[in-house]
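Below is one structure, written out as structure tokens; the observations come after it.
So that you can tell them apart, the chains are marked A, B, C, D and E in the order they are listed, and the count of residues begins at 1 in each.
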């Protein structure tokens, strides 16, 4: 559970709701007009922009991964892999059968070793899984960014439609108020969808994509070294050496002076 | 048929039409004034921007390819090429004469083998075709992007022209409404043309350009290996090896955890 | 004659004039106020931005080259160069004296051979010409882009000046109309200058710069090979080999499927 | 103490306060409505955008380092390191025990030598510190930039909410003034937060990040050379050679002609 | 004297003044309110953005160099250096004592030779001077760009402050005019400062930075070759060879066809 995504979205909703309630009731901010143009327009444009399969895989996967988080840091992951290597050294591959693993990707790799598959099969299967996963995560990130980029434009379109209707029917300028309020709601919805939800989620997915590429490559390398019966010490040392410089120490507890 | 381009455009039109109908009639949104400035202006600027031949080839080719889609994925394409290699191995090049191929580029390559042309001719002809095609697709993408980039500016120009006329003739402020409504339509049209059609189409063409470069290069390589009588297994293996990493597994049916 | 630049500009003027006439007379769109700020402001800022010599060479050269076009494609150019090499092989350099050449750069090279100058002199002179020409074309492109980038800002400045004058003298709000119309003209002029003329011309010059670099290098290489008495076939083959991939086939008559 | 950050922020506050007081009292510029949306909205979006740990470390570290400054230039740092090397040569590592060092990172390195730790431990420990520090500084820079990028959008959202409330309740247009004033405050706050504080701080942090990467690498290299008993002259020469060209002379007192 | 910077700024001021006078008197465009926020705000933000020393060196050096120009082109510079080499060959280094040199950097190098300093000292001293100079020029360019980037934002802030004051005190809408005029002045000042002065000056400094890097490196190389007693012909040839392609011919008098 990536708690900051949830907290942030919840806090954003509370902030906006507070603001709306401070000025009276929420009712004046409800507009099916705005909902139709922001969501309808953004999704239409995104459908034109991407292949259908990218939409179907990227949108839900992105939503899911914005809220979930790897339980372990890269350093802990390496420790866990070294622990499994220890088990393999002591009890053989069969020893991994009883191991419980939370991460489904790691679990799959461990099961492959326990079941005695050969290295080529394991590498092929896991790399295909990793590439698929990263492709879908990348699509998800691009789709959320595309929606976040065009939502304000559709907000403006909604407001323009509302203003054209308002002006075309205008008889008494002093009665424009409520119509103007409704027209502005589309711009408001578009700005909220983009700035509170879609663009931040795209940025978070981009960060996770970079992390997961390292994590899953670590897991594949670790699993293959275990399969080849490498010693736990060697597994740990080689995986640490693979880490990019800036990730090697991300578990330091304190910020150095 | 790339179904998502069509669905997206159709959905966008329905969304906008719904919005317009919710506020009364569609009539107030029809403006030849706006049509003239958006289409006339954007096309004029695009004519200045690009050579005439780029416009004549790129615009229709782009429109056509935004809506069509390669029937096969890269993996299926390799399977099909390996299948043809099997035929060549069994019945010789002549065996390809009876084969039915949907994709015209692949069909051309297959016919060249069946007709017994030599490798140099085939390579030269197909590479020239591929480069021409990619150049026109790239021109198409750039033209749609250029139109999408300048349409909002011409929308603003149209609205400014309308507002100047409105203000210059203003006698009674309370009668400004309908004129203002008309002036705003140009901005609305410009935003719709850019955000619903041109920019998404340019993005889709960019994606297809990247894909087709790989696809057509695969076909050329496969055709040439067949021409040289390579075995079906070798054809498949070498073509797979040519695939960029992220495209190798794009046929996985399920999203891995 | 690059017909699309002229057609585009003419079409743009017609579109805008039509729009203006549809709303009444053109008179209300004439504003020396707007002309002064857009042209005066943009040229002042461009003078600060570039050295004086760049302005004096780049601006007219850019205007000239936006409207002219190489008569020959690269493939035809190579054919013509090979034809000259044929003449040299048959009648010696002296045979080129009677040849008529349209392109002044190519004509200069041909004259150099006919006059019997040595290779070093020819290379030095032509390369200096080419580099000078490309530098001025590049300056022209940058200057048109700089004007196109700042014209809308000066349009806004003109409108702000007009609005300050209008508001400062405001006594009766209902008489604001004509003043507002005049103020908006500066923004309108700025948007037209940028989006219809300067930015598209800068884009076209950029494209021509890329093409001319290839063309003039082709001519220099071809002239030098002729000077060294290379055979026509070798001249053609080597020049074709120098072409970047995407330019090799730009004479294909049909768009491949 | 980086005096220019403090002076700049103070001067900015004075400028804005002066401006507000010139038009009457400050009271009309106080708006809890604007505070809630700018700070609440920006922080919500930033929480969605980054992992929680990046927020917790990056935000305070960034604030701290925007206001503090390395006491020494790179040239002085090298002089100080060469001085320590002199001490080590004369009195052995033990001589460093009595040395007083201001910079905590350098102090740590000096203490490691005095305490006789081996090279591998020192390098590992100091590099981990440096990487951690740079990672957090980078996170800080990105977070301030993200807040600076979205604050104006939340300002616009706050103003839209205020305008919707104003228009929805509008009965007498002549009483709109105070409501409009309040609505505009959110845009004003957003522009101030972004342009006066967050974006400039992000730029300053970016500059410090580049400097500290060089400084801390210099210190690590210098400490390790001392540990290996290199001569003071060699330490200075090698550290100077490591400096990027443009940093070598940053202590020149006068601007050359 | 770089005449185009001065002409451009002067022309810009005349254009804007003409525009203001056409609408009445200049008095209505004077606003200490706008001066305070544009200059106070931009300088405050720039202080936060850069270290104090960068401000103190970069701002005046940038202003000075935007208006001054190297008297000689690179080709003339090489001729002058070759002339000095001729003197050294004839009369020895002592012959340079009587030479008058305008450019202070070149004069310094010439004096070093006349005074008989050794190569290492000369190179070290001149390179330090050049790097210092380029660093300060780069800082100057960045500072003018930073001011030009944030001035429009502070213009908007000034206008928002004015509008809040106007709306908060609004009793009679028909009297808003003069207040609105004053509020808009801040936006006008911000746009002028950015588009007429700061951004064009930053662009010019960027161009000069590129040129001076070549010029001063040429001078250093030429001085060192003279110091080593190289022949004038060799000095010229080697310096020409060092020139980047596009600078070699920048003295061509005519634009080639």
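Everything that follows uses one rule, which is that a residue touches a chain if its C-beta (ideal position, glycine included) is under 8 Å from a C-beta of that chain, and two chains touch if they have at least 3 such contacts.
This structure is a prediction, so every number in the text was calculated from the model and none was measured.
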{"item": "Chain labels contacting subunit C and also subunit E", "value": "none"}
{"item": "Separation of subunit B from subunit C, taking each centre as the mean of its C-alpha atoms, in whole Å", "value": "29"}
{"item": "Rounded Å distance, subunit B centre to subunit E centre (Cα mean)", "value": "46"}
{"item": "Of all residues in subunit C, the ones touching two or more other chains", "value": "173"}
{"item": "Round-the-ring chain order [start: subunit B; next: subunit C]", "value": "B, C, E, D, A"}
{"item": "Complex contacts: residues of subunit D adjacent to subunit A", "value": "33, 36-37, 40-41, 43-52, 55, 57, 61, 104-105, 108, 128-136, 146, 150, 153-154, 156-158, 160-173"}
{"item": "Footprint of subunit E on subunit D - complex, ascending", "value": "2-5, 7-9, 11-12, 14-16, 18-20, 22-24, 28-29, 66, 69, 173-174, 176-178, 180-181, 184-185, 187-188, 191-192, 194-197, 199-201, 203-204, 207, 245-246, 248-250, 252, 255-257"}
